[in-house]
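These notes concern the structure reproduced below.
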Amino acid sequence: MTKEIIREMKERVFQANLQLPNWGLVKLTWGNVSEINRELGVIVIKPSGVDYQAMTAEQMVVVDLDGNPLEKSYRPSSDLPTHVYLYKHFANIKAVVHTHSTNAVAWAQAGRSLPVYGTTHADTFYGEVPITRHLTSEEVIEAYEWNTGKVIVETFENQNLDPLAIPAVLVNGHGPFTWGTTTQKAIENNLVLDECCQMAQMTEAVRSNAEKLPQYVLDKHYYRKHGVNAYYGQN
Amino acid sequence: MTKEIIREMKERVFQANLQLPNWGLVKLTWGNVSEINRELGVIVIKPSGVDYQAMTAEQMVVVDLDGNPLEKSYRPSSDLPTHVYLYKHFANIKAVVHTHSTNAVAWAQAGRSLPVYGTTHADTFYGEVPITRHLTSEEVIEAYEWNTGKVIVETFENQNLDPLAIPAVLVNGHGPFTWGTTTQKAIENNLVLDECCQMAQMTEAVRSNAEKLPQYVLDKHYYRKHGVNAYYGQN
Amino acid sequence: MTKEIIREMKERVFQANLQLPNWGLVKLTWGNVSEINRELGVIVIKPSGVDYQAMTAEQMVVVDLDGNPLEKSYRPSSDLPTHVYLYKHFANIKAVVHTHSTNAVAWAQAGRSLPVYGTTHADTFYGEVPITRHLTSEEVIEAYEWNTGKVIVETFENQNLDPLAIPAVLVNGHGPFTWGTTTQKAIENNLVLDECCQMAQMTEAVRSNAEKLPQYVLDKHYYRKHGVNAYYGQN
Amino acid sequence: MTKEIIREMKERVFQANLQLPNWGLVKLTWGNVSEINRELGVIVIKPSGVDYQAMTAEQMVVVDLDGNPLEKSYRPSSDLPTHVYLYKHFANIKAVVHTHSTNAVAWAQAGRSLPVYGTTHADTFYGEVPITRHLTSEEVIEAYEWNTGKVIVETFENQNLDPLAIPAVLVNGHGPFTWGTTTQKAIENNLVLDECCQMAQMTEAVRSNAEKLPQYVLDKHYYRKHGVNAYYGQN
């Protein structure tokens, strides 16, 4: 039973990792997806630096909630401690995705949070997607990946943001992390973030002082897709 | 007979919806196409939030001219009231298309109408593609999608524009709606609009004070493809 | 014999027309390729406004050197008079190509000739790709397509340019025309022009006062591929 | 034995050359890859100006360490002397790649070295990717391709750069050369360089005074993938 659940997790994590290059969000091996099952105490994540063409579902790495290996297998993605930290502090997320998608990286490198310029953004993110501070030299040396998770969570806490309402962050000088209540949602959020970053850059190119979307339109678009009064889709 | 006509409408609307991601105009489920048959009193539109890979022609939703369902079936696209409003006020249009195509959204988010910089634009749109005003908070709360149709029509009326001569609009902070005398024309107009938005952005990047196309060239290009003296194509 | 030559011309023109959308230079039906056989007194050109998916080699239109039809067949591309004019005045060209490729159109709409910023440009074009003036209102009304050819030739004559050394032009507010000593070269020149337009725009974005390529590097690159001392390729 | 080694070199060089257009780094025939076997005294390089569709592994050209042909065969890439010069001066490189990839050319044409804006860059290049000076007129006339190698090596020597730590350069007004300890690494470095050039341009578009990546993050990212303490990947 547990075995079957883990097999399914591996299959989903594998498929999600393959989807990222198909969507143009990942080049070479620059991305990783994980999924958590909190009841089982299990996280499944992509192995580190394995070529996407050669990768199989079986190679996905199974670790416990602290990131310790539960099977003799491949080395997990080097970003695993960031995923673990996020799972420990964002209680309701089920999957984490990291990429170096071109447009989101550009905003991360620019050190800017992503403004809400339109409904494409509002349909998925209830407000600006925040930018983290840089890690300090000490944080980098001590535990780089773990502390990457720490500055993400700190950013949400300091700005009083709900990680389910804004399931994405731009890590300063690095790139995007997204998450979600399903693995599918988490990779879709990565796609939406990259697309909104591209749209926002072009918006500013077309008009340097572009207006933000009015709050009441943001409310409308977000809540027609999320929450108890949502009426988008078939459910 | 009627049944056969509706089956054909469903097939055309289905194929048009599939064409949009193939042309790069739609990501995930961000688009919708509808077609009207005014004699039969029927509109066919994409179901809301259904994955393009899983979608079938049979799932297209059939409603009456006020948007009321005529079959027990899927929930229609949440943008249906906008389509209904446009069909009620733009007498001769047969299809409506909405996307979040990247370049057109950038202009919509910038709150700018699209200037006529060249013949690519003039071949399809007889003048600037207008930008709407933002909806008011009251309009959003009262009936968001219906009032989106209202501000589009208001924009055409206030500027005295012919919706058949300029079969496209940029909704402020949102994105493009296009239409046409056939479903094929309506989706092509969406493609042309997005392409012209990209070209215009690059034109301004290359020369900040780029000149508009002279009116007599606009006239020439538009009328060699449209109207009684058209001589482009095989008809 | 003549019949066989024309059949081969049709096949080449057909294949070249198909290549343009594959290279991303043409959307919908926005492009046309022709080829001339001066000995036979024959030009073969794409039919007007025919969908690329449905098009066949047999449908290519055969006209004489003044553009008069030699077969009962499809209507030729509406840009045929431009092609005819170019063949009459540029003695050694064998094929003409017109597209609305995105990047070249952006420069054409900006009304700027394309500066020589690098060797990619110099490998194909021996100097700036010129921009034409706008046609006058009278020229447009009198014979738009014919006079488009006229302003292109006028541009080359006024600036004393060799159409074989710079086999391309940007028509102001419109887009690129390219040509060549073979049909293959003519479509490749269209690709190179569009690519150089993209590179030049990005060059200026990265450095607003970018330097032009030194003349001696331009000489070197152009002449290692062209003329009696060329040493690129296998011939 | 030697014959088998050379056959395998040809196959790798052939596959690497094909990979470049698949990754969007090469249009037409604008690129070349070579590989060296210093023990055998052999370099294998792409033939000059051969169409990628028609090219076979057998056609790869075998030359000695001075670039003299070792087989009666095709003419080697005209850039061969640049490759030879690099192999003579960069002791530990095994492969060299040259392309005209769009984004890297834009930076080369702008005459700018590529700043380190983020971790995507730091994962592969330990510092700015340098720009060369222009060749002098004399250098171009005397031995253009050989002297292109010379200015590359001069750039690394003058700035005291390690070609294994920064396996890439932008040749002023021309484009990128990259190299590596394997042929696969060398072509991947070309991809990374182009991607980082695109990201950097967009970073500056989004924020004109974007900060460089802190040195301690650069150190961290570079050394988690390179050197004795690397912990990325499966080895």
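Each chain gets a letter, A, B, C and D, in the order it is written, and its residues are counted from 1.
Going forward, a contact is a pair of C-beta atoms (placed from the backbone, for glycine too) under 8 Å apart; a residue touches a chain by one contact, two chains touch by 3 or more.
Keep in mind that this is a model prediction, so the values were computed, not measured.
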Point to revise | Rigid-body rotation angle, subunit C and subunit B, from Cα fit (steps of 5°) | key: 90
Check your understanding: Between subunit A and subunit D, what is the separation of their C-alpha centroids in Å?
Key -> 33
**Study point:** Mean-CA-position distance for subunit C and subunit A (Å)
**Key:** 46
Revision key, fill the gap. Within subunit C, the set of residues that touch 2 or more other chains is 205
Review point. So that we know how the chains sit together, what is the shape of their touch graph: line, ring, star, complete or other?
Key: ring
Review point. Between which chains does touch occur?
Key: A-B, A-D, B-C, C-D
Review point. Any idea which subunit D residues touch subunit C in the complex?
Key: 27-28, 30, 47-50, 74-75, 78, 100, 102-103, 105-112, 134-135, 137, 140-141, 144, 173-175, 201, 204-205
Check your understanding: Which part of subunit A faces subunit B closely enough to touch in the complex?
Key -> 117-120, 123, 188, 191-192, 195, 198-200, 202-203, 205-207, 210-211, 213-214, 216-217, 220, 224, 231-234
